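Across the two complexes that follow, chain A remains constant while its partner is chain B and subsequently chain C.
The block that comes next holds the complex of A and B.
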């Protein structure tokens, strides 16, 4: 297996997957809805939150990013995979000297690239709105609010976007894993949403685990905690953007990134185990 | 002795059905050999195991037992597919690409050297007669054009073995004849072609050898002429005999110890008749147009 050739094939498959994805009406609709929702947060200024308004807009934007990003990640990855199966373009592709792992990795990276675009657009829109409202607030309340040049650390808005993107990567990878043994779109989407909820609430299992006595139940909960990634780790928006003192260390960000990459790779490899035996 | 293009030995494929794992046998103890530079037809009704066999040859399915080799390499190895081109039945391609972009894309997937890609793409597009439509989007192609561009993508990396799954399914007789001519041209270029088809009349005129599958088992295999000829009879095609002469011929046959089995008018196949008529009309049309232009 020539690694350079392998990377070229993965890049080509990822490229077509991405092109297929951005041509889908669903992606464009969801992107527009998300932008509209993030932009609509400015209408809440009539409540006169003062500087709290910026916090509100940020939370609103981060919430929209997670909510619509999760939906998009699940549905787009499912559709991209099953389009290839149902239209039998996968048959043409895999009849070439292409490894199934290359095909799956290409699909994953194409979907992940789509999520990068989505995350970038939402983050840029959110930052733009925050900047505009910040200027308005500074004009109204004066420069005494400024601590270090601005009220918001815009780099952290993008850092949060990056961490969410890593999370979308895990979602796309486990969607591929489910799709690798599933026969229908619907089954894949439903199971993936259940997994999303489990991963989102996984901290409950971790809390339970810490309060449990040694025994098989503790081992079971520990096992579940390891199988399902903990999505709460990625939700550090509160520590970012505003609070300089609580800001997470760079090493923490790297650890979370590594955690996301590990689960993404693990799910793609698990998908490969199923996909190897799947009839195309 | 030359290595056969495809060598299948005692191949059996079972599919597990349902939760209880009941087995459905799709192919049973199949032995088959396709020689180099041969056009080989895989025939059989629906569900006879043709597609399963093709998928095993392409390494898309693993055999339950037995083995399959392509030019001496186990077909399940990706490396064995480097010399194989494949056109699936009713191919579907990325609709937003043009024909040329599509063929180029698959050329890159097959790692055709960058310096050779343009020449390779142009060459196969010309071979399948798609030069004029190559820069149109695939989404606008007719069924016949899709088959042709599908054929082009299967040939772009210059494979030695070309596998065509129902290459003329849903294509009109003119398109089918054009595809058949491309297949003959591939043979002239030294390629091996394995094709599965339901259009037996076309296979008959095209294939060197055929195998007939039924319920996953090999029923017959051999040269087309050997399989279809009536071994104990010969036909004489004569013209210009009157009734007396014919009676004399019949009497002579009897005198020589033969038996006149049947007397019939030689017929063209409907395929050949259709192509002859369309070709004649086409020539008339062109001549008429040229005449009008001269006026």
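The block that comes next holds the complex of A and C.
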């Protein structure tokens, strides 16, 4: 297997997958809904109690990114995988000298590229709204705040977007892993959503049972913590954007990125273990 | 003759599942050295959520909020619902809603302060009315209800202090409940003092602490405290140093402080 040829095949599959994905109505409508929601955050601000306007808009934007991003990551990856199966294009592709791992990696990268587009658009829209509101606030409050420089650290908005994108990578990879042994679209989506919920909330169980005496319940929770990745790790929105002192260290960001990359690769490889045996 | 053992398909599937689970456990163990320090740093900056609160949130169908996105907006909408419940005087629901809102978004002190006010000031009134009104319910019973409700409010404020340990408003809230609802000057003085020691404390917290000491007959303590307060406070109108000096002079008369031991304020003119 020539490594250069292999990369070319992966690139071609990823490119086709990405193009197919951006043409999907589901992606476009979800993207529009997300943009509309982020843009309307100033409207929802009237229901806010106690938090500052900019903080509210940031929370709202981050919430939209997480929520719609997770939906898109699961459904788009599932659709992209099963479309190939249902249209029998996978069969044609794999009949040629294309390895199953290359096919899976290509699909993963295509879906991940799609999520990069989604994340970029949402973070750019959010930054734009934050900039607009910041300018309005600065104009209202005059020079009082100008001396302290910008109120928002825009780099942090993109950093949060990047970390969410890393998380979407794990989601896309585990969707492929579920799809590798699943026969239907629906089963993959439902199981993936359950996995997402477990990954997002496993830290609560871990924290609760960490103080327990040794017993089978503790072992079970420990096992749960080891089997499912901890998605709460990527949820650092509270520490970003406004407070320089609270911001996580660069090493922490690198560790989270490494964690995301490691799990993404591992799930694609696990998907390959199942997919290898699968008859198409 | 070679005998070939063929495993049951179910056993094959089971062994595959177990091997995948073992691989995932191995993955978890391999990533632990990266995850553990990162999680420690991330967790320190996150509002905690315990299993109990999470169960409550699930009952309200708030899975999206709990999952991380839209926690703030969901808490805001739930606060509006809390106010509707408060208008209906449904105290059982009110308590659980206040706890749910503060669990979902513990960051704004607004929810903690207003929730504790509802529990400490409004609920006792409802309970006394339910039992026949102020004229029919004995003073002991009224006091017992006040104590019970205040304890619940203190519990809420104590939880809030875990999230906002330096927020003077929370210390003040506790002090106000002791003062206004429980008429407990000693404890109120203690909490006004704690409030005055916080960075964002309003200047009146220290003055009220001294007044409450005076009310309890602790004139010497009040005198010493006011002297220090006068020295520490900046010379700005909101600090009301003139009033503090007036009180110091009154206490010097009451305590019959000899002229040479009396307080000598700095010479710069007071801004009132």
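Quick note on the criterion: the second predicted complex is superposed on the first by the 265 of 280 C-alpha atoms of A that agree within 3 Å, B and C clash if a C-alpha of one lies under 4 Å from a C-alpha of the other, contacts with A are read in each partner's own complex, and residues count from 1 in each chain.
Throughout what follows, a residue touches a chain if its C-beta (ideal position, glycine included) is under 8 Å from a C-beta of that chain, and two chains touch if they have at least 3 such contacts.
Quick caveat: nothing in here was measured; it's all calculated off a predicted structure.
Asker: Could you figure out whether chain B or chain C reaches more residues of chain A?
Answerer: The partner with more contacted residues on chain A is C.
Asker: Please work out whether A:64 is in contact with chain B alone, chain C alone, both, or neither, and reply first, second, both or neither.
Answerer: second
Asker: Going by the contact rule set out at the top, does A:221 touch chain B (first), chain C (second), both, or neither?
Answerer: Neither partner.
Asker: In the superposed arrangement, which partner chain does A:166 touch: chain B (first), chain C (second), both, or neither?
Answerer: neither
Asker: Under the stated touch criterion, which partner chain does A:21 make contact with: chain B (first), chain C (second), both, or neither?
Answerer: In the superposed model, A:21 contacts neither chain B nor chain C.
Asker: Touching chain A in the complex: which residues of chain C?
Answerer: Touching chain A: residues 20-21, 23-25, 27-32, 34-35, 37-39, 41-43, 45-51, 54, 63-64, 66-73, 76-77, 79-80, 107-111 of chain C.
Asker: For chain A, which residues are in contact with chain B within the complex?
Answerer: 1, 5, 8-9, 12-13, 16, 19-20, 23, 87-89, 91-99, 277, 279-280
Asker: Any idea which chain B residues touch chain A in the complex?
Answerer: The contact residues of chain B facing chain A are 15, 55, 58, 60-62, 78-79, 81-82, 84, 86, 88, 90-94, 96, 105-106, 108-111, 150, 153, 157, 163.
Asker: Please give the residue numbers of chain A that touch chain C in the complex, ascending.
Answerer: Touch residues, chain A against chain C: 44, 47-51, 56, 59-60, 62-67, 197, 200-201, 203-205, 207-208, 223, 225-233, 235-236, 238-239, 246, 248-249, 251-252, 255-256, 258-259, 262-263, 266, 270, 273-274.
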